[in-house]
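What follows is one structure encoded as structure tokens, with my remarks underneath.
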């Protein structure tokens, strides 16, 4: 079996492929450990073990490219029949901060990636300041000298 | 039993109760304020106020459904109405899931917050005045009722309310359908400059104005957009010089005080730190909670009371008014003080004062009167329950408009706020919404789930979310519900809460006047979307939408707007109204009712500002009566 | 009655500086000379930059402008350290301390704008080239650790190295540093460096004298407005600032400039020897200088209304309400982080650059605002919010050695 710390690493790596956000972007949410613990606490142990084994195989396949990895994810992780739908739950967790419809924590709500994907911020947090809404979001405005 | 030690006993610490308490205590009157909600919510000490409010915020973050009441405690001893309890009502089976007993045929669709500060904690903050014709609907259009006074006589009170709330807006932008009406008077400005309108407003206004003619019942109308005045902090207007309101004992009137120089208005910050919330910071969560309290809430008014004249008793739910058999004067308010929010333990006490003021919300005021057999010689108590029945239309724009930013709405289309069509169907206002499709379909969470279910992941998912979230457009049509005696609050001994107080029993339906408005609004919406090249995603679900109604073979879904109005209306005659123009009950000389329940018509404005204005008027009458 | 204790436009804010008085004037300290074997050397004992030196430090208008630019840099150089302390406090902990640090950081922004207003007020628009900006963003950004700009050398306890300003996480060390920056100087203390200002207050005192002397000279020479010939349109006005008790003041004449400096040093650093016993007041609703706010954090205790009876230097500790300060619920940010620390981690480096681009954007924005486009300050404030969120992203990234990444506040070219 793979040990816990390498599982966290695998979790981060596969999360990047699942969400379309880079590992650094995911780390910057500060939620990595919380989410890893969330899936451990709420998923059948066997599913977890086989899932990470599969993830490890996908990520360490010889001659892998992003395209081959994505293809493998689509075939081996995404179907609902695989690991009780764990991959989809992981995506929803990162995007919404919810585990199967329930908010994990205040921080998980605030760090939901869907807000960033939509060039905005979670309502009630990370407020952008007076009048910001009158202009396009800073994330799409080119910074000028 | 207590001695008759208070000049006035007020029930409820929402905006109406707080305004009365502030004016009365500052005029030297002794006031007892009874509040049904938890003690913590009333904290005035900065540290405690901060702690309680952070608690609300944290509850909001952790709530799965971030509905208007989600941050605030819902306790069993003083339950709140919650939109999450609204469900399809089966034939002849009342819905009793929530606090309201919904008899139907369709459920009443709005909620309010029963907590210190009341529903202003989660109001959006829109502060449009009502229009002159709204006050004489019967005379002008032959529907609804007339108010006992015209718009013009309410103007100074509107100014007081705008000062109290701290309205940001541009008077110069306020153009309404009937030209030439003098709404604001010469040189009037709001306390603060307009809240900047959203990027989305800018794009959509331009798009709408390119092709702005719509046809409705063979008549052509021009759509146009104006900025919306709001009760949240912005840049002070240097030309504004009103500093407040005082009771003038000589003239027996409320008088506005003015500064000599300009630059006099200071935005009122949060209750824990005056420098927090001096400007709206764009949290985009006005409903349900403004984290910095840049948005007005009634606790700000309560904080300005003369505390030496104010006694507040929280966790105290008024249960009955005691009436003197011969004089018909109110001789006390019986109230139940519970131990903690969900306990069965409580003590019953009686509060006594010279004058009594009910400020417990339209539904609670009516319920309390019915439970006491009070003020109902007209048989109008509880009747004429109204709301803005709200149609929502949503779609995707061609180019990104970047919603989910800024206050909930900063621009509105006023075209259908007034006109001859009101003889036939309801008027409406159409605010442009800044928060995507969150209201109708819980976006963007639901969009994420849809995409995931379809098998999307990775960069493709991220791109899809960017495409969808940044293009979501929502506009809604708040249709003015007209009074109907059968839309009503009643009580039934079979339905009580756990400390033995009545639960409101609601009968509710959409009259043909409303159904015609839905048809008309949908016609306008369809033209608007077509002309603006918006891909329409509006969908009314006949099975799952609790407020699904049909007209001429077509179905519509409406939502509540949280504008609960009309249950103890004001009028010129005691035969068909509960209170007079001073908001004194016709039946009991020392009982005043304040709040939205007084409003005979709703107009197309969010009612809080108007309600605040008439509350100043009521407070003036109360002071006058006290000093007789 | 003349309001001696509080500012005119804001009755809650204490007035902590005294009017400039030409007389009585302390005589120039006679230099003590010691003759040793025929050679004359200065006495070994240290002398503070004397009052006369401060008074005559600024000799001409170009030097006055240069000093004001230095003051701008000075105010700016303190903002990143305060922000680092603020950002590293984990959400929900040390709330009181966070609020105090935040208020100071927000006021340093105000001070920057006030200095810019003074500078603009004494700058003849005819001398400004089209599109010329008030300062040079690239060169004004300090390289931390940095000494205080402007030849300001605060006294350090014996055996300690010379004072530097650092980017540090919220810690006792950081708060000590802030206390040193904001410490009102003690007229009776000896100095480490006799040719330097012993504190920010003294530096501003020199600027006050400079403004006075240059203005009087210009008036004597027949200029009706003295040195105040600036373009009023370049003044940033009050509506552009909020979030603290301070107010932006338009500077159009000498009195305005004095008021602006009063705001800066009165709330900020205090002026040399001007905090007198019985004049400092504390208690709810009263606002006091930054130094005292940091003292409160250091002690985990507010000043109370009784804490009035002390002499300079401030030795008494606050005796008011206790509040919780957690030195452990803090992001363990590496001290004075640099982009080059992240070179082996390109995505992290990119994030750090992203932060710095936002920082440069903020400074560009402020610079344009104080160079004739005051309305841009509102946009600048939105960039300020973004800066915080970008910093927090960095702080969430562990470096693998128990420390985490942090904002580096360095100059980068924008795209």
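As written, the chains take the letters A, B and C, and residue 1 is the first residue of each chain.
By our rule, contacts are C-beta pairs under 8 Å (C-beta built on N, C-alpha and C of every residue); 3 or more make two chains touch, one makes a residue touch a chain.
Computed from a predicted structure; not experimentally measured.
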Practice item. Select the category (line, ring, star, complete, other) that matches the graph of chains linked by touching. Key: complete
Review point. Between chain pairs B-C and A-B, which one is joined by a greater number of C-beta pairs in contact?
Key: A-B
Review point. When the centre of a chain is set as the mean of its C-alpha atoms, what distance in Å lies between chain A and chain C?
Key: 42
**Study point:** Distance between chain centroids, defined by C-alpha means - chain B, chain C (Å)
**Key:** 46
Exercise for review: Calculate how many whole Å lie between the centre of chain A and the centre of chain B, each centre taken as the average of the chain's C-alpha atoms.
Suggested key: 39
Check your understanding: Residues of chain B that touch two or more other chains: which are they?
Key -> 279, 281
Exercise for review: Hunt down the residues of chain A that sit against at least two other chains at once, touch-wise.
Suggested key: 121, 127-132, 135
Point to revise | Multi-chain contact sites of chain C, meaning residues that touch two or more partners | key: 242, 385
Practice item. Note which residues of chain A are touching chain B in the complex, please. Key: 17-21, 70, 73-74, 78, 87-88, 91-92, 95-96, 98, 101-103, 105-106, 109-110, 113-115, 117-121, 123-125, 127-137, 140
Check your understanding: Residues of chain C touching chain B in their complex?
Key -> 92, 95, 99, 103, 106, 238-239, 242-245, 385
Exercise for review: Please name which positions on chain B make contact with chain C in the complex.
Suggested key: 50, 54, 193, 235-236, 238, 263, 267, 273-276, 278-279, 281
Review point. Touching chain A in the complex: which residues of chain C?
Key: 91, 242, 347-348, 350-351, 357-358, 360-361, 364, 378-379, 381-386, 389, 392-398, 413-415
Point to revise | Residues of chain A that touch chain C when the two form their complex | key: 22-24, 27-30, 107, 121, 126-132, 135, 138, 142-145
